[in-house]
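In the two complexes that follow, subunit A is the common piece, with subunit B as its partner first and subunit C second.
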Partner chain A sequence: MTQHNHQDEKKPFPWHLVIFLAPALLIYITFSVYPLLDTLFLSLFNSQDGNSTFVGLQNFITLVTDDNWSHAFWNALLNNFKFFVIHMLLQNPIGLLLAILLSSPKLRLSGTYRTLIFMPTMLSVVIIGFVWQLLLSPIWGISEDFLYNIGLGQYFDAWLGKEGSALITLSFISVWQFVGIPMMLIYATLLNIPDDIVDAGTVDGANPLQTFWYIKLPLILPTIAMVSILTFVANFNAFELIYAVKGALAGPNFSTDLMGTFFYRTFFGFQLQQGSASMGAAVATLMFLIILVGVMLFLFFVQRRIQRFQF
Partner chain B sequence: MSNAHSNLSVSKYAIATAVMLSSVGMVNAAGTLTIESWRSDDANIWSDVIIPAFNKSHPDTKVNFAPTPPTQYNSALQAKLQAGTAGDLITCRPFDTSLTLFTSGYLDSLNDVQGLNEFSDVAKSAWVTDDGKDQFCLPMASVIHGFIYNKEIFKELNLSVPKTRDEFFTVLDAIKSESRYSPLAMGTADQWESATMGFQNIGPNYWKGESGRKALLEGKAKLTDDAYVDTWKELAQWKPYLGRGFEAQKYSDSQNLFTLGRAAIYPAGSWDIQTFNNQADFEFGAFPPPVAKNGDSCYISDHTDIGIGINANSKNKEAAAELLNWMASQEFAELFANAVPGFFPLSNHKIAIKDPVAQEFISWRDQCESTIRNSYQILSRGTPNLENQLWNVSAQVINGTMTPEAAAQETQNGLEQWYAPQQ
Partner chain C sequence: MKIVTGFLPSSPLNVSKSVTIHAILLAYTVIALFPIIVVIINAFKTRKAIFKDPLGLPDSESFTLAGFQEVLLRSDFGLYSWNSLVVTLLAVGLVLLLGAMAAWALTEYKFRGNFFIAFLFAMGIMIPIRLGTVSILSLMVELDLANTLTALVLVYIAQGLPLAVYILSEFVRTIPKELTEAARCDAVSEYKIFFCIILPLLKPAMATVAVFTMIPIWNDLWFPLILAPGEETRTITLGVQQFVGQYVTNWNSVLSALTLAIVPVLVLYTIFSRQLIRGLTSGAVK
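Then we have the complex of A and B:
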């Protein structure tokens, strides 16, 4: 006790902490904080014709109300939500299911399956896009023959080329690619569940379904919540797959346009369209705000409850 | 034998090293010109053909062709110009991209360059200020639109090259009903082909080339006029003749369908000639966009695509101007046109082109009147952007998800929102 008091009095300022943190802090400020603030600042200007004038919130008002911009903006936002919802409904439940199957002690070759399912995650999105375009192509693809062989030939269509199906097809491709991430995260958590808890449940007469529902699921809920927020952020930053498969104009007729492709067209320009840095910054700021609000809602409504559950 | 071979390769390496070392020296020496370009495909042609030819008459000027990949060119060039490290000569994209460089003071005015007299106003239009006073790039090459067809399929089905639209659709019907070939090799997945190979290809015959394009610029014509609606109406008629699943067919798919002999007619840009020369093992020919009635005057899209200008901060402006003057000469025109078939010189010189299909394309300049793509000059400067809109609506018209009238209305509305002469 006396020793503790003694330490309190003479505790010097921990300069070594500052020194050790400084490089990381410097890099973080230079490459994360400064660009972010600069983007927010840039979105308050109008940079047309080489001159930059302060316009306040005008860019945002234009983006949300002007016919030229608002249509594209709301369309991209809506598509983003569709993209996200499909991922939440498919990617995470499938990831959970795969993790449970993999963690079953009766399954043989689970290491092989794990690697195979996780593999697409490591491949470049450009390659994924190319491979799936070839598979689904009405000209060269094997999907048409495949469907004919199992008697479903009449359902084949140019899915990537139709307004009604292009976005859904792309989100399926994305789900296929990234399902390995929730699987691995949930799998790791499942492995960490102490055997004694499960054993105790079994002794008390719980069947496997009850064991999962009442013991394992509550324990992996925090991981599922984390996976969901990762999915949310990743989906709102999604860009590569759409750009690789459909190009910056996100055809047909903008049916696959996400905030990312919309931002790219606005900021860098496309074909004969000149890019506008300030308008692009406004789009980027809105993307940032949407992600921020999403994450905050999540922390407020979901994360707090999960912690209460845990303790 | 193997000894001789290894000796040879050793000496090859020695020469290569010597060349490399000396070229490093050259870059630093005075009188070295560096050319910025996005045509990385042409690097060999420059080093093997064009630069040696130039050095015959100008032995003291060393030229270094330094290309950047096309997708990075605009941004890389911008960065180099701002940093003051850009080359002496700048390859110019047509219209606004280069105009911005000129108005920002990165490109010199070329009004004093003698060689410019060898070019027509249409050829120069892509690199001149809106008021026509300052020319800032020398035109280098254009691309021509038309249709490339598989001669063997035409022979097999006993078809002749269509001259009028009725004949064109008769030919398409014949291919569709009498064979397993796709009549037209085009898809709408990439969208740009619908506008570039479709709308801008057949359109000039409807809007009468330059006069229609100028009328649109001056606000005397509207995109809702019959000329434009009829162009889209014809495009809408293409749908049944495209391959199955054309909505997901990309540009490279279309090229492959044609080179594999699975499609008879390919709506083309002349730049495709090179690809087909390399890949197709059958004979192919070309025909210009068909006209309404036999004997009607015809119009072709002869689109200005590449120009070259002088960096305003170059230290070798005299040498650069010398090279530009030489690039306006007949010698350069002939070298370039034959080295890169499908990219046609824009100067008024009479030149001999060896590639038969390229010859066919350029021969249309004598029978038809040339124009450029109507969305490129000024009209794609605002929001919404006309060129991007044309991609979208033309693809939709071909897909059958939009009527020609709606396409006309949408693009006209877009133009009216920001372009004063159309308001």
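Then we have the complex of A and C:
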């Protein structure tokens, strides 16, 4: 014990460690960790009328059950799940298909396809939202004429303006923009599969479909799981697209409201409703919990179960 | 195997397969680019031509720069771009420097709390900083930083650090120990080891981190809208959002504003796409 202490005293204080680590840690804690924890804490208070009082879980109970709040909250949450499910059903399968095609051996121009298909992902969601708003606008005949030309004219409608179709249309726009992400990540995993494994399968008489199903698919499952959790986090964080196309009110009649827009309105207020920091914090806390539960489920069930292959 | 690969390309089945693959990929490429191209070509056309022939290229009769003139004269696009540039460059630069220093400290030295700090940074990859907005805003007001570009830079550094620390730590681990041990034997200081030996070695990883950090910062709407909505501090994304929202019936200027926001990013992307794709495919280039 004394020997140990003696050694400790002899060692100079590791100033270099502090200098390397402190700036990053300080900024990260001050502007990310602390605000997140403070928001969770703030959600337990009522900050109306300038002074704040501790109310425990009252804000959450209000959100989930109160007539003025619960409808908007459940609506946003349900819409958010729809938004997520459409991404899972479209974005990831299309991304997978494109990745498989891109990784076909000796494909010419695969680099060019990759670069071009990834292009929309690079642009701001705000800009993409406006671009599609113009294209789908009933005033500008682009989509209408286009549909008439391919014989589907009677199906044209103001998709972004109708309660029944606005959310689905916005989901399609988002899928269109972000399909490049699953494509790239799955493509990278497919490239990493050693030829020997695939060749061994071919020699054993597996056809291309069997090669994919029994050899490649198990190897890309961890990537598909990762893409899914990234989609989940991004979807429950979505805000810009709805705000750009539909404004903070997420019209028509809140049919495109997501947790992000609901959070924004709760915090800043709109029309007759005053903004509330503590209610905003409560919404953010619920979003935090939803994302955390998603990430935990992913870590404990999906990632642990899937066999990890080392190449 | 040689016989097989030599035989396959000439077989008719394989030719039709390759044609199918190209057809699908080409079709999807058209779907991906079509909306962007339509907006850009129409930005250069007269209002009449935009509606009469939306898919046609501008010709000598329909070509006009009126929309661009209107956007550039009627709004502060130059200022907005400058703000975006300043915020993005400062934030990315500091994320790279501070992230590399932290990644080095966390991977190279063993100390108490090492695991906890690494875990704290790792959490930030998954939990969006946006959820702390309520407190971030009141913090910025208290620090007298509301409506300043500094507020944005600080938040973006905090947002970018987790991924930077993660990617750079992975990279630091691949640097051979002999390098630093030899330097220590020669009594080189820890600072010199980092700045003169490690930092230059981190360059390729830093380029990847830079691209991944830059895109969300440049494209962000949320924090500019909340922390710096003032006329003087507006970023390009916020500027476009408000301009297009305001002049939504003036098609010429709306299309021009969108083009002004799209083209620089596409040019940058074309320059950095190899770096970005290499980062995404993590060195799996065959």
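The rule is short, and it goes like this: the second predicted complex is superposed on the first by the 278 of 311 C-alpha atoms of A that agree within 3 Å, B and C clash if a C-alpha of one lies under 4 Å from a C-alpha of the other, contacts with A are read in each partner's own complex, and residues count from 1 in each chain.
Basically, a contact is a pair of C-beta atoms (placed from the backbone, for glycine too) under 8 Å apart; a residue touches a chain by one contact, two chains touch by 3 or more.
This structure is a prediction, so every number in the text was calculated from the model and none was measured.
Visitor: If you stack the two complexes on chain A, which partner ends up touching A:T39: first (subunit B), second (subunit C), both, or neither?
Guide: In the superposition, A:T39 touches subunit C alone.
Visitor: Should A:N207 be classified as contacting the first partner (subunit B), the second (subunit C), both, or neither?
Guide: Neither subunit B nor subunit C is touched by A:N207.
Visitor: May I ask you to decide whether A:Q273 touches subunit B, subunit C, both, or neither, giving the answer as first, second, both or neither?
Guide: First partner only, subunit B.
Visitor: Mind working out whether A:N68 is in touch with subunit B, subunit C, both or neither, as first, second, both or neither?
Guide: A:N68: touches subunit B, not subunit C.
Visitor: When both complexes are superposed, which of subunit B and subunit C contacts more residues belonging to subunit A?
Guide: Of subunit B and subunit C, more residues of subunit A lie in contact with C.
Visitor: Once the shared chain is lined up, is A:W140 touching subunit B (first), subunit C (second), both, or neither of them?
Guide: both
Visitor: Pick out the shared contact residues on subunit A: the ones touching subunit B in one complex and subunit C in the other.
Guide: 140, 247
Visitor: For a test of understanding, state which residues of subunit A touch subunit B in their complex under the given definition.
Guide: Those residues of subunit A that touch subunit B are 50, 67-69, 133, 136-140, 157-163, 246-247, 249, 251-254, 268, 270-274.
Visitor: Can you check the complex and tell me which residues of subunit B touch subunit A?
Guide: Residue positions touching the partner: 75, 95-97, 100, 103-104, 187-192, 243-250, 253, 257, 375-376, 380-381, 383-388, 391-392, 395-396, 399, 401, 414, 417.
Visitor: Would you mind writing out the residues of subunit A in touch with subunit C in their complex?
Guide: So the residues of subunit A touching subunit C come out as 14, 16-17, 19-21, 23-25, 27-36, 38-39, 42, 97-98, 101-102, 104, 106-109, 111, 113-120, 122-128, 130-132, 134-135, 140-142, 145, 176, 179-180, 184-185, 187-188, 191-192, 199, 229, 233, 237, 239-240, 243-244, 247, 260, 263, 267, 277, 280-281, 284-285, 287-288, 291-292, 295.
Visitor: Show me the residue ranges of subunit C that touch subunit A in the complex, using the header's touch definition.
Guide: It comes out as residues 1, 9, 18, 21-22, 24-26, 28-29, 31-33, 35-36, 38-39, 50-51, 54-55, 98-99, 101-102, 104-106, 109, 111, 117, 120-121, 124, 126-136, 138-139, 154-155, 157-159, 161-162, 165, 189-191, 194, 215, 218-219, 221-222, 225, 237, 240-241, 244-245, 251, 254-255, 258, 261-262, 265-266, 269-270, 273, 276-277, 280-282, 284-286.
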